[in-house]
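Each of the next two complexes has chain A plus one other chain: chain B in the first, chain C in the second.
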Partner chain A sequence: MLKYTLRRLVIALPVLLGISVIAFFIVRLVPGDTVTALLGAHYSEAEAEALRQRLGLDQPLPVQYVIWLGNVLSGDFGQSAFTGEPVLEAILNRLPVTIQLVAISICFAVFVAVPLGVMAAVGRSGRTDFFATLFGLLGISIPGFWLGVLLILLFSLTLGWLPSGGFVSLWDDPIANFRHMILPGLSLGMAVAAVVMRMTRSTMLEVLNEEYIKMARAKGVPKRRTIIRHALRNALIPIITITGIQAGYLLGGSIVIEQIFSLPGIGLLALQAITNRDYALVQGTVLFIALGFMVINLLVDLIYAWLDPRIKY
Partner chain B sequence: MNDQNTILRVEDLRVRFRTRRGDVRAVDGVNLELNRGEILGLVGESGCGKSVTAQAVMRLIGDGRGEEVSGRVELDGEDLLQKSEKEMTKLRGRRISMIFQDPMTSLNPVYTVGNQIAEVPLLHEKVTRRDAYARAVGMLETVGIPSPKERARRFPHEFSGGMRQRSVIAMSLCCKPEVLIADEPTTALDVTIQAQILDLLQDLRRDFGTAIILITHDLGVVAEVCDRVAIMYAGGIVEQAPAGELFRKPRHPYTQGLLASLPKIGDRGILKAIEGRPPDLMNLPEGCRFAPRCPHAFGKCSEYPPLERVAEEHDAACWLEKKHE
Partner chain C sequence: MNDVWYRFSRNKLAVFGLVVIGLYLVCALGARWIAPYDPYEMRVESVLREPGAEHWLGADPFGRDMFSRIVHGSRISLRVGLIAVSIALSAGTVLGMLAGYFGRWIDGLLSRVVDVMFSFPDILLALVIMAILGPSTTNVMIAIGIVYTPIFARIARGSVLSVKNAMFVEAARAIGVGHFMIMFRHILPNILAPLIIQTTLSFAFAILAEAALSFLGLGVEPDAPSWGIMLNEGKNWMEHGWWVAVFPGVAITLAVLSFNVVGDGLRDALDPKLRGRGD
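The block that comes next holds the complex of A and B.
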C-alpha cells in the first residue's frame, strides 16, 4: 500500500510537469499580456518595455519557462504582478475557502444522494423512484450558476434568511461561516448529487439482483441489513469512483460559484488572475487545482483497496 | 396421513407473474410432501418451475410487484404463506434454508467466509460474536474444508468453486434447520466435485437430521442420493415415487420419456428425445400439459389429470392409469 502510494506520487510528477507546460504557454496565447493589463489604455512603448524588462517578460519564452520552473521547484511560485503578493501565499490564503466549499458540496451530494438512490432502487418504479429520477434529471439539467442565482433570490432577497455572498472564516464564527457557505455548497453540489444519485440507483439495482443478496435473505438477514450491509457495501465502489471524479470537477466548478457568491477562494483568484493576465498567479492556481485533482484520485484508489478485498496494490 | 413424519407439506401452490404481455403461470398447483430427514429429488427441465417453487416456499418471491403466490406451505403444521415478512426472516436460516446453483455468486465478495457464516447464528441465536465465529469455523470443518481456522479469514474469491459451495452449505446448515432446499447445488461444479458435494449433503442429512429438497435436472444425481423423487412438468407435479420404484416402473409418459432419453453405456444408437417442446407458461393447455407431446394421448387428456395414487407410495397425474382399469 505504501509502495503503491509512493509509486503513484512519483507518476504524478511528470503529469504535473506536463500541466505546468500547458498552463505556462496557454496563458501566453491569450491576447494581451501582464504589461498591457497593468498599464491600461494609455502608455508609451518605452514604459512598456521597461516594465517587461522588470518582470522578465522580455526573455524568450522557453527561457522564461525554465526560470519559472526552477523557482517553482525551489518553492518560489513568484509574485502577483498586480498586488506583489507572493503567489504561494495568495493560494494558501484562499485554499481553505475552496476546500470547504467542495467539502460541503460533496457532503451534501453523498448524504442526500446515496440514501435517495438506495431508496429509489429498493422501491423501484414507485413514488420515491419517480421523485429521485426527477431530482436526478433536474440536478443534471440545471446549471449551477443559475441555481445559485435562484437560491439567492429566494433565501437572501425574498426570505432574507441567509446572506447573498461574502465569507466569514470558520475559525472566527462557525455559525456565520455556515450561513455563508450553505447556498454556494448547495448550488455547486446539486449536479454532483444528481450524478451520484443516479449511479447509486443503477448500481444498487444491479447488486440487489445478485445471488448473494438472495442468499442473505435465505439465511434470514432482515431487509434493512440486507440492503445496507450486503448490497450497499458492494455498490460503494462505483459510487466512490463517480464521487471522486465529480470532486475533481468541483474544483473547476467552484470558479463560477465563487464568483456568484463572492467567495474569496481559489476559483475567484484564478478568474481574477486570468482577467489581469497575471501569469505567475494563473500558473500557480492551475498547478494547485491539478494537484488537488490528482490527490483526490489517489484517495479514491486507496479507498477502493479498503472497500474491496479483491483489490490489492 | 402420517403427519408426525411430514416436516414440509406444499398444497396447491400457485405462482403467477404479472407481465405486460400477460400472466405467467410459473407454478400451477404443486403438491409436495417432505418427510423428516429424507432427501426428495425435484426433477424437471429448465423453466418447469422448480426454482420458482423453491423460492415461493422460502417466501423469497411473493411480496414483490406483480408476483402472486397462493396455496399452502406448511412447515411442521404452520402455514408459511400466512406469515409476516418479519416472522419469515426469523424462520429463514434457522428452520428452513436454501442454497443456490452458483457458488461463485452466492457468497458476498466483501466479507470473509467466516464472518458470513457467523452471521447466521448471530442473527438467530443469542450468541456472542466470538462464539458465532467459533461456530462458523466448526461448520467449515464439518463440511470438510481443510485448516478451517485459517480459511475462515479468507474472502470468497480466494476459494475454489467446490470450497465455496461447501461454505454455502456450512452457512445454510449452521443453525441446523429442519429443511434445506438445494437448488441445483452441483450444476455449476466439475463432475468429481459434484460427487463430493452430494456425499456431503448425504452425510449432513444423517448427522443433522435435515430433510432436503434437491432440485436438479440430472437423473443421475437423483439415482445416487434421493429417497423419493417428484417429477415436475410445466408448473405441476406429474409423478412422485420412491427413487428405486420410479426408475423401475415409471408411470407417467413424461417420466418414461425422460428415462428413455438417458444415454446408456454400450448403446450407440441415437438418443431418444421427447418430441415437441414444453408449453408456453403464458398460455397453458386446458387439459394435461403433456398431452400435445404425449405418444399415448387420447380424448380424456383434454381434461386436467389430478395427481393420484397408482401404487404404494407412487402417485401419477395421467389418465392412462384410469384407462387400464
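The block that comes next holds the complex of A and C.
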C-alpha cells in the first residue's frame, strides 16, 4: 500500500507541474496587460516601465514562471489587483464556505441516493425502481443552476421559508447558516445524488445475484440483514469511489451555485477574478481548485486501494 | 446494424429521446417559420405578459416572446453541441489513437497532458478559455471542444490498446500496410462503438456547458437568445413572472435528458454486456 501511495505521488508530480504551467501561462494569454490594468487610464510610460520591472514582467516568460513558482511554493500567490488583499488570504478566507457547501451536497447525495439505489435494486422493475430511475435521469439532466433558481422561486419567493442568498458563518449562528446553505447544497448535490443512486442500483443488482447472497438467504439469514450486512457492504467500494470522484466535480459546480446564491466561496471568487481580469487572483484560484480536484482524486484512488483487499498494487 | 437498431427501438425511453431531439432539430432548422415573433423584437405592451393565446410561453421583461426565443435558442444549443463535440471527437480521437498505437514517449506525453487537463473541473477550464477568447458563439464551441477533447482521447487510447495486437492488425502489418492506413482503415472502425456513445453523451454535456457559460455571462453574445442567457435574465425577474425563469430551464433539461437517454440506449444497443450499468 505504501509503495502504491508513493508511486501515485510520483506520478502526480508531473501533473502538478503541468497544472502550475497552465495556471501561469493561461493568464498571459488573456488579452490586455496587467500593468495597464493596475495603473488605470492615466499613467506615464516611465511609471509603466517601473511597475513592469517591479513585477518582474520585463523578464523572459520562462524566468517569470520560475520566479512565480518559487513565490507560490513559499506561500506568496501575489495580491488581488482590485482589493489589494493577498491572494492566499482571500482563498483561505473563502475556503470554509466552499468546503461546507460541498460537504452538505455530498451528505444530501449519500443519504438520499444510497437508500434509494438499494430499494430500487431490491424491488427491481417495481414502482420504487421506476421512481429511482426517473430520479436518476432527471438528476443528471437538470442543470444545477436551474434547480437553484426553481428552489429560490419556491422556498424563498413563494413560501418565504428560506433566504434566497447570502451567507452567515456557522460559528456566528449555526441555524441561520444552515438556512442559507440548504438550498445551495440541494442544488449542487442533486446531480451527485443521481450519479450515486445509479451506481448504487447497478452495483447492488450485480451483488444481489452473487452466490453468497443466495447462500445467506438459503441459510435463513433475514432479507434485511442479507441486504445490509452482506450485499450493501460489498457494493460500498464502487459507491464510495464514485462519491469521491463527484466531490471533485462539485468544486467546479460550486462556481455557478455560489454565484446564484451569492455565497462568498472560492467558486465565486474565481468567477469574479475571471470577469474582472484580476490576474493574480485568477492564477491563485485556478491553481487552488485544480490542486483540490487532483488531491481529491488521488485520495479516492488511495481509499479504493485500501478498501479493497483483492486489489494488489 | 439492423440488430443495433432493433435493440435500440425496443428501449421506449431512448426512442422518446430520439423523437424529442428530432423536434429540437426541426425547431432549429425551421426557427424562422415556427417562431411566431422575431426573437429580438421588444414590445412595450407585452412586457412580462403571462403565458396565453398571444404569447404561448409568456413574454420576458423586455416584451420579447419567450416561445420564439426558446425556438431560436435551440439553434444555438444544437449548433454549439454539434461543432463543439465534432472538435472534441476529431481532436480527441486522433490524439488518443496516436498515443495508443505508437505508445512510448508519444503515449507518455499525451497521457500526461490529458491528466493535467483532467485536473481542471470542466466549467473552470471552459471559463478560463472563454476569458482568453472573449464571449462569442464560435468561442464557446472552441472552449467546450477543447474541454471535452481529453475524454475522447482517453476512450480512443484505451480502445486502440485493446485491439492493436489483434490478428487483423498483425495481418495488415505483415503485408506491409502503413501505420496510418492501419489506424484509420482497420482500427478506427473497430473502436467506433464507445466513441459513438460518448459523442451522444457529450452533446448533453455541451448543451449544459453552453447554458452554464452563457448564464455566467461568459458564453455567447449577450443579446443572443441562448437558453442560459434567458435563464440568467429570468432569475432577476421571476418575482414578477415565474415563466421567465421556468421555460428556458425546461428547454435545457429536456434537451439534456433526451441526449442522455439516447446515449444510454445506444450503449445498451451497441454493447449489450453493459446493459443496466449506471455509469
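Quick note on the criterion: the second predicted complex is superposed on the first by the 264 of 313 C-alpha atoms of A that agree within 3 Å, B and C clash if a C-alpha of one lies under 4 Å from a C-alpha of the other, contacts with A are read in each partner's own complex, and residues count from 1 in each chain.
Keep in mind that, in the parts below, a contact is a pair of C-beta atoms (placed from the backbone, for glycine too) under 8 Å apart; a residue touches a chain by one contact, two chains touch by 3 or more.
Here the structure is a predicted model, which means the values were calculated and not measured.
In the model built by aligning both structures on chain A, chain B fits alongside chain C without clashing.
Looking at the superposition, the partner that touches the larger set of chain A residues, chain B or chain C, turns out to be C. In the superposition on chain A, contact is made by A:Leu307 with chain B only, not with chain C. When both complexes are overlaid on chain A, the residue A:Asn234 reaches chain B alone and has no touch with chain C.
Looking at the shared chain after the overlay, A:Ser125 reaches chain B, while chain C stays out of its contact range. In the overlay built on the shared chain, the residue A:Lys219 is in contact with chain B alone; chain C does not reach it.
By the touch criterion defined above, A:Leu150 lies against chain C but remains apart from chain B after alignment on the C-alpha atoms of chain A.
Rounded to the nearest 10, the angle at the Cα centre of chain A between chain B and chain C in the chain-A superposition is 80°.
Contact with chain B, but none with chain C, is seen for A:Glu210 once the two complexes are overlaid on the shared chain. In the superposed model, A:Pro14 makes contact with chain C only, not with chain B. Minimum Cα-Cα distance between chain B and chain C in the superposed model: 14 Å.
Counting contacts by the rule stated earlier, no residue of chain A appears in both its interface with chain B and its interface with chain C. Touching chain C in their complex are the following residues of chain A: 14-15, 18-19, 21-22, 26, 29-31, 136-138, 140-143, 145-146, 149-150, 152-153, 157, 195, 197-202, 205, 242, 248-249, 251-253, 255-256, 259-260, 270-271, 274-275, 277, 282, 286, 289-290, 293-294, 297.
On chain A, the positions that touch chain B within their shared complex are 125, 210-212, 214-223, 230, 233-234, 307-310. Those residues of chain B lying in contact with chain A across their complex are 55, 58, 60, 65, 85-86, 89-94, 97-100, 102, 105-110, 112, 119-120, 123-124, 155, 157, 168, 171-172. Contact residues of chain C toward chain A in the complex are 13, 112-113, 115-116, 119-124, 127-128, 131-132, 134, 204, 208, 211-212, 215-218, 231, 234-235, 238-239, 242, 245-246, 248-249, 252-253, 256-257, 260-261, 276-279.
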